[in-house]
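Chain nomenclature is as follows: A, B, C and D, assigned in order of appearance, with residue numbering initiated at 1 for each chain independently.
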Amino acid sequence: MPYYLDFSPGMFLVLAFAGYGLGAVGALAFWKHPRGAGWWSFGCAGLAAVGGLLSALSALTGAGRGAVCQVELPSLIAYIPLTLRLDALGAFFVLVVSLLGVAVSLYSLGYARELEGRKSVAALGAFYNVMLAAITLVFAAGNAFLFLIAWEVMALTAFLLVSFEYEKPETRDAGVLFFVMSHIGTGCLILGFLLLFQACGSYSFADFHNLGEKLPPGKRDAVFLLFLVGFGVKAGLVPLHIWLPAAHPVAPSNVSALMSGVLIKTGIYGMTRVFFDFLGAPPNWWGVTVLAIGTVSAVLGVLYALMEHDLKRLLAYHSIENIGIILMGLGAALMFLHSGHPALASLALLAGLYHTMNHAVFKALLFLGAGAVVQQTHTRNMEDMGGLARRMGWTSAFFLVGAAAISALPPLNGFVSEWLTYQSLLQGFGTTESLIRLMFPIGGALLALTGALAAACFVKAFGITFLAQPRGEGARRAREASCSMLLGQGLLTAACVFLGLCPILFLKVLDPVTQQLTGLQLSGQLNAADGLVLSTGKPEAGTISMAGVALAGLGLLLVPLVLWLALGRRTKARIGPTWDCGQQGLTPQMEYTATGFSKPIRMIFKALFRPRREVQREYDFSPFYATTIRFESHVEEVFQTRIYRPLNRQVLRLSRRLRVLQAGSLQAYLIYIFITLVVLLLFAL
Amino acid sequence: MPLLASLIFVPAAAGLACLPARSRRVMAALGGLACLATLALGVALMGRVLEQGVVTEWNEFLCADALSAWMVLLISVVSLGASLYAGRYFQRDLEAGAVTFGRVREFFVLTPLFQTGMFFVVLANNMGVMWFAVEATALSSVLLVALYNRRTSLEAAWKYIILGSLGLALALLGTVFLYAAAVGPQAHEKLPSFNWSHLITEAPRFDHGLIKLSFVLALIGYGAKAGLAPMHTWLPDAHSEAPSPTSAMLSGVSLKVALYALLRFHILTTACLGSGFSRHFLLGFGLFSMLLAAPFILVQKNLKRMLAYSSLEHIGLICAGIGMNTPVTIFGALLHMGYHALTKPVLFFAAGNIHQTFHSLEFRVIGRGVIKVLPVTVLFMSLAALAAAGMPPFGMFLSELTIIRGGLEARQTAVSILILAALLASFCGLLQQLSRILPGAREPGPDGGARRTDGVLAMGLMLGGLVLFSIWLPAPLYKLIQQTALILEGKS
Amino acid sequence: MTMNAPTSTEIGAQLITICAAGMLVFQLLLVVQRMLLTSIRLFALQSLLLAAIAGIIGYVNDAPHVYIVAVLTLIGKVLFLPWLLDRQVRRIGITQEIKPLFSAPTSMMLCGGLTLLGYVVARPFTVLERLGNNTLGVAMTLVLTGFFLMINCRKAITQVLALLAVENGVMLAAVALTTYGMPLVVELGIFFDLMVAVMVLGILVYRIRESFASMDTDKLNQLKG
Amino acid sequence: MNLNPIAIVLQTVLLLLLAPLMTGLIRNWKAKLQNRRGPPFWQPYLDLIKFLRKDMVISEHASWVFRAAPCVVFVSALLAGLMTPMLTAQAPLSLFGGVLVVVGLLALGRFFLALGGLDPGSAFGGMGSSREMTIAAIAEPAMMMAVFTVAIGASSTDLSQMARASLGPAWRLFNPAHVMAFVAMFIVLLAETGRIPVDNPATHLELTMIHEAMLLEYSGRYLAFMEWGASIKQLVLMTLLSNVFLPIGIATVATPAALALSALAFMAKLLVLAAAVVLVETTNAKLRLFRVPDLLSAAFVLATLALLSTFLFR
């Protein structure tokens, strides 16, 4: 299909790539003018993202929805066709990335101002554009070659962006860890794709469709595992997640937002693509594995998040949690496909994809908020923050919406997708007679645990960061973020609310995706009453209407209003000091800390965290009147200390041992050759 | 115009013309011009080969087919880069008093001779002549390795010459056996010719036992020169101690030229035996080299040695790719040869700048934050390192993928997985090591050492070429590589 | 062997066998020898035998260009190189190889094994030999033991000598396996290469002695890992 | 849309009025059981009116979150109440959400309650928030499991539907699954409403209070809304227990007779539940904070057993 000015998804997509390209090149052209570089690159990125948005929306809605849009770009290397192929699944993910692209680019316009003179805005802008383009290309690639190239370019730019503040050793290590893990994942992907290629002799995704049925079972399982690991690394599944909490926090915050929002979603995209599109009818254990890993990731992710007092690390751990929740949906969908319940599978898939969108929106929102906070306070340590709600009112409000959404509180979007997940798990209980079905309610219970812990975590994150008195100088001096930064956050906040209140509208957009993957369109069935009430397909099985809840809540505000008018109209509010037990006023040191806040959880899950604490007191007369107390508390990251570090040590030790081979002695070298010679001579006889 | 002869004479003349030269500038200019000329000749040769298939001159003494033409292109490109870089490099060395003018002249005389030797290797029709051309490259390069006359460089040179000469003695024995195999049991008269063009037509009639022996000896002999493990032990020493332009030449093409000689034996052996005898050896040694290189990269303490091990890795990959012996893998391996030739010199040039600025190649001594002192160098180095590690959009990603893909296509799954694993491991090593020195905070040091723009031309040219050919493989080049692959498959 | 071979061929064959055996003997002596000057003489004698073999082949086969090889060997390996090495050794003033890797008895035993290996490798091809019996075996043995000599000794000069001994083995294989020797251009190339190689080695030995005040290659072990 | 405005208003009023009554009753009975006179059971009404009329002192460190919290707590509890069936099986707002939304709304209230506790910057508030969120987090799986048991039986998460489905022949109410789920849910009720083995609603002892600690800085009408919200939440949870796990007598049709019967049954069940709470509160001591997980995990195990028994003892 040619890509003239026909207002097709393909045209918008090509325009989007052109926009990102212009943004990247232009940013470099403005190397010496950071202001110009910022405006140009983020402006271009924003416009290009709008192009991507249009492309995705026109592919998913309107007359030709669900049609596969294919664009052949001219390729300069004979054996690599540059095929863009936007089907419904790809278009949905392009929608995710483009939506975030618009908001984050808007935010970056203001965010980059602060970097001027300190870091190269041009480099940031250029890499930012390339990363967005690469992520979009990952979703729009039509063959494995192009996909892998886009995948690696994405990893590369993400690495460069993570290493943006390369002066800090922490950043450097995080970048390397990210890149190494990512590359190992890519290795698995390469192998997986090549195994698929081996089976059909083509790289085209169109030819991979349902290819799994032609593979022998053993190989098919191998492909499944390879892709699970390969995409799992990028998605941050436990235990492949260790790069994520290291890398996301150190990147510039707009990049963190994109990384947590969409970069890790490329893993979800890949799994959905491969498991549902390529591999055909799944055996039961695939779904069980995915569901189990998802559940474990969700619980462990949120537990580790609770232990963090680095605001951005905390958010990064929450990404692991949410990826787990998404995978619970996907895993359940796989299990339903196996047991022959396509409608349920579609529901579970919808839950997963909906949560993908939601997580992208609220996590980006939270990272943008955290970015604004970090920019003002110059620290990521929550223990030095506080009191920001009074200083950064809008940012705190936006962050609060994000926090409520990620904690799955009604009436926001996080609740809707988790509700869908619960529903699919509940209904899944009846799909099979085997004991495996216990996984569904247990998964649901753990999902509830996850949600409640997430709420605890965000009470901590919001409460310690934004409420009470400032604990540090940076927080004391904080000012409201700039206008464009607020606009970017506001856009995402609006998206959070919209996705919560009007799920049916969004589910309509998802229809072509489920049509493609399971052959069913659900939005009609899920629509219970005029588009505002969402059901699970059977209205008697439960309905929700977040719009209704919100409206009813607003209506019920009448009750306090009436009570106030009736009884307390003449009351006055006086500002006074907080009760300080008769001391000389409260100081910030007396406030509850983030570490203190999560201590009960730390003690309850002692077995997992293996907390260590060191207390040193110095006192003059009595140990009860210490002059100084130093308190240190550590939580062990089990996967690092028990798996990765020993592994790393072993590899290094083995490598050092091998160095003996090259000990500098010419005699030894001659002996190597001599032995080779003798062996080969005997061999050649 | 006698293309082949000029290819040999132009650099030789440039080298000899440097003998009486008094000025470094003049010598550098001469070298550069000669390289430009050979590059032009190489391109012309490519056209001629594509047109005629085989080009011969001097009564078939010189002969070039697609494989030779491909090698000629690589040699000229890397030499051009090295000569562009060498001028300023030695100026800095002279300023720092690291070398005397006599030594610099030695470099500018020997490098073109080294180049001549390599051209001779790939253009010689006679297998015996090819042998002594390889020996000539070894002898000219060993003095280059010893140029700094430091203790360590003498040690490296000594190891290089001893292991190299011994290897070449074995290769000579292999050549002798090849001759004997060609003569066969019946003939009592002289072999009509020991020329490649003759041998390849007669190959199926060779004595099987002798050709096997001959290949094995050539494998060890030329393999030692090509740096295949376990004969590679000289390689990190020589690469790390030589002046950076020489390191670039050694790693960029010299290894491949030796491999070329080995491949000629491989083709003959395969043509004679018609079985996988030689390819399995290539595959085995290639894989072994790759797997051995990875841990050494991971715990290496010296920048240039690490780069040398990376070369070992790449040579291993090329060898394994050819050893897998499917059209796709051979194509990938040849492509990889080209991309590696464009990439590795950039790394060595950057390492040269770093060496001259920090007066050491030890990671520990260099410390972190090189980017603050040499931003441009670090930019090029990072890009080249990413390319060498196999990241897209650089071409090595494609060539590596092609090789693995070919392997899987031909059901050599285990081998492909091993290759992939080794590549992953070396990627991790390279990234981990370079991240120790390149990023980080540091105060810009005192003046001296490389300036910001030093070597930009050479590095930019090579890297630009890499990027260009990564995204655009011109049709003639593509055809040339395909024809070369056909030769290696034994189907030409 | 043709049935109606002229007598000169048979005589030639026997002479060649004897000379080859002599070369082997000199090689073994070289392995156990510690005095550098003696080693150089032994090498000269071995080369002389090689030249003789080349001469005999030239005569028997009436191949004038093999004479050239013989003459070149005579001039280069019997006269020039020994003189050059001799001068080096005298200049440096070290005359003894110290503590080789293996003791003399072990060396001899290992060399015996290598001889066996050489013959095993050469056995399938003895039918191909034009003149002499088992010359190819001797050649292989020379290569292998030369290699062993290189491993065994630690002085730079001895290593050069070992390299040359390996080269002798290769040349012997060349004349043993081919009626007329290699093409002349190859032979000439090899010869000049050898000369240049020894020159380069000489330069290096000189420089090493300058820097290290020794020609003990054990000291060359700074480059590791 | 089957939204009945009259039902909504009626149930709102019922919730508002009944909630302080339950709190007062429990307090009064508890005092009686402890041989004290105790406040009269209508004391909470008087308190609320008093609070509403009083001036407020607001902490100087507090932000807008502090002011928003009482409204959110109050409204979310009311909303949750409107989704639970009280007198008729058909809850007024059941279209807007079932048990999951109720749980979500309670979580929303708790979220803001905890934030309100943190905002003034007092250490007590922080401590209370921390403990409240912790206990809620570990109570949540047990609650969800218990809910699932009933929901799976009814194959619906709609509370009205669940009540109707449980409303079968009387013997089905006493199947082991429901009994165990009921007990689990009762433990969760104790935890969620801050009752004795978990929290002591009567104490203002600094280190043991949880819920009270968060309210420490609230005064005047904000305190009224907070307290009222807490009462409503307690009522909602008790209603859940009585009407979903034990829906005897609930009206399935809106005839006056059925409604009257339903009201009687509902009150009776609430009183029994309140009595049970009082009994537990007087006979037990408060658990140490780190022992609470044991209790709640027992609830979780019970709920899991309940679920297992739905298909093991069929």
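FYI, contacts are C-beta pairs under 8 Å (C-beta built on N, C-alpha and C of every residue); 3 or more make two chains touch, one makes a residue touch a chain.
Owing to the predicted nature of the structure, the values given are computational and were not obtained by experimental measurement.
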Chain-chain pair with the highest tally of contacting C-beta pairs: A-D
Computed distance of Cα centres, chain D from chain C, in Å: 101
Whole-Å gap separating chain B and chain C, where each centre is the average of the chain's CA atoms: 31
Chain A-chain B separation of Cα centroids, rounded to whole Å: 44
Centroid spacing, where centroids are CA-atom means, of chain A and chain D in whole angstrom: 35
Chain C, residues touching no fewer than two other chains: 121, 124, 147, 150, 217, 220-223, 225
Residue list for chain B, restricted to those that touch at least two other chains: 158-159, 162, 166, 170, 209, 213, 236, 296, 299
Two or more partner chains touched - positions in chain A: 659, 662, 666, 670, 673, 677, 681, 685
Interchain pairs in contact, sorted by label: A-B, A-C, A-D, B-C
Residues of chain C touching chain A in the complex: 101, 117, 120-121, 124, 144, 147-148, 150-151, 154, 217-218, 220-225
Interface residues, chain A side, partner chain C - complex: 659, 662-667, 670-671, 673-674, 677-678, 681-682, 685
Contacting residues of chain C [partner chain B, same complex]: 2, 121, 124-125, 127-128, 143, 147, 150, 156, 159, 163, 166-167, 169-170, 173-174, 177-180, 182-183, 185-186, 189-190, 192-193, 196-197, 200-201, 203-204, 207-208, 211-212, 217, 220-223, 225
Interface residues, chain A side, partner chain D - complex: 386-387, 389-390, 393, 396-397, 400, 404, 407-410, 415, 419, 422-423, 426-427, 429-430, 438, 441-442, 444-449, 451-453, 455-456, 458-460, 462-464, 466-469, 528-530, 533, 540-545, 548-549, 552-553, 556-557, 559-560, 563-564, 567-568, 571-580, 586, 588, 590-592, 596-601, 603-604
Of all residues in chain B, those that touch chain C in their complex: 126, 128-129, 131-132, 135-136, 139, 142-143, 146, 149-152, 154-159, 161-162, 165-166, 169-170, 172-173, 175-177, 179-180, 183, 185, 188-191, 193-194, 207, 209-210, 213, 236-237, 240-241, 296, 299-302, 305
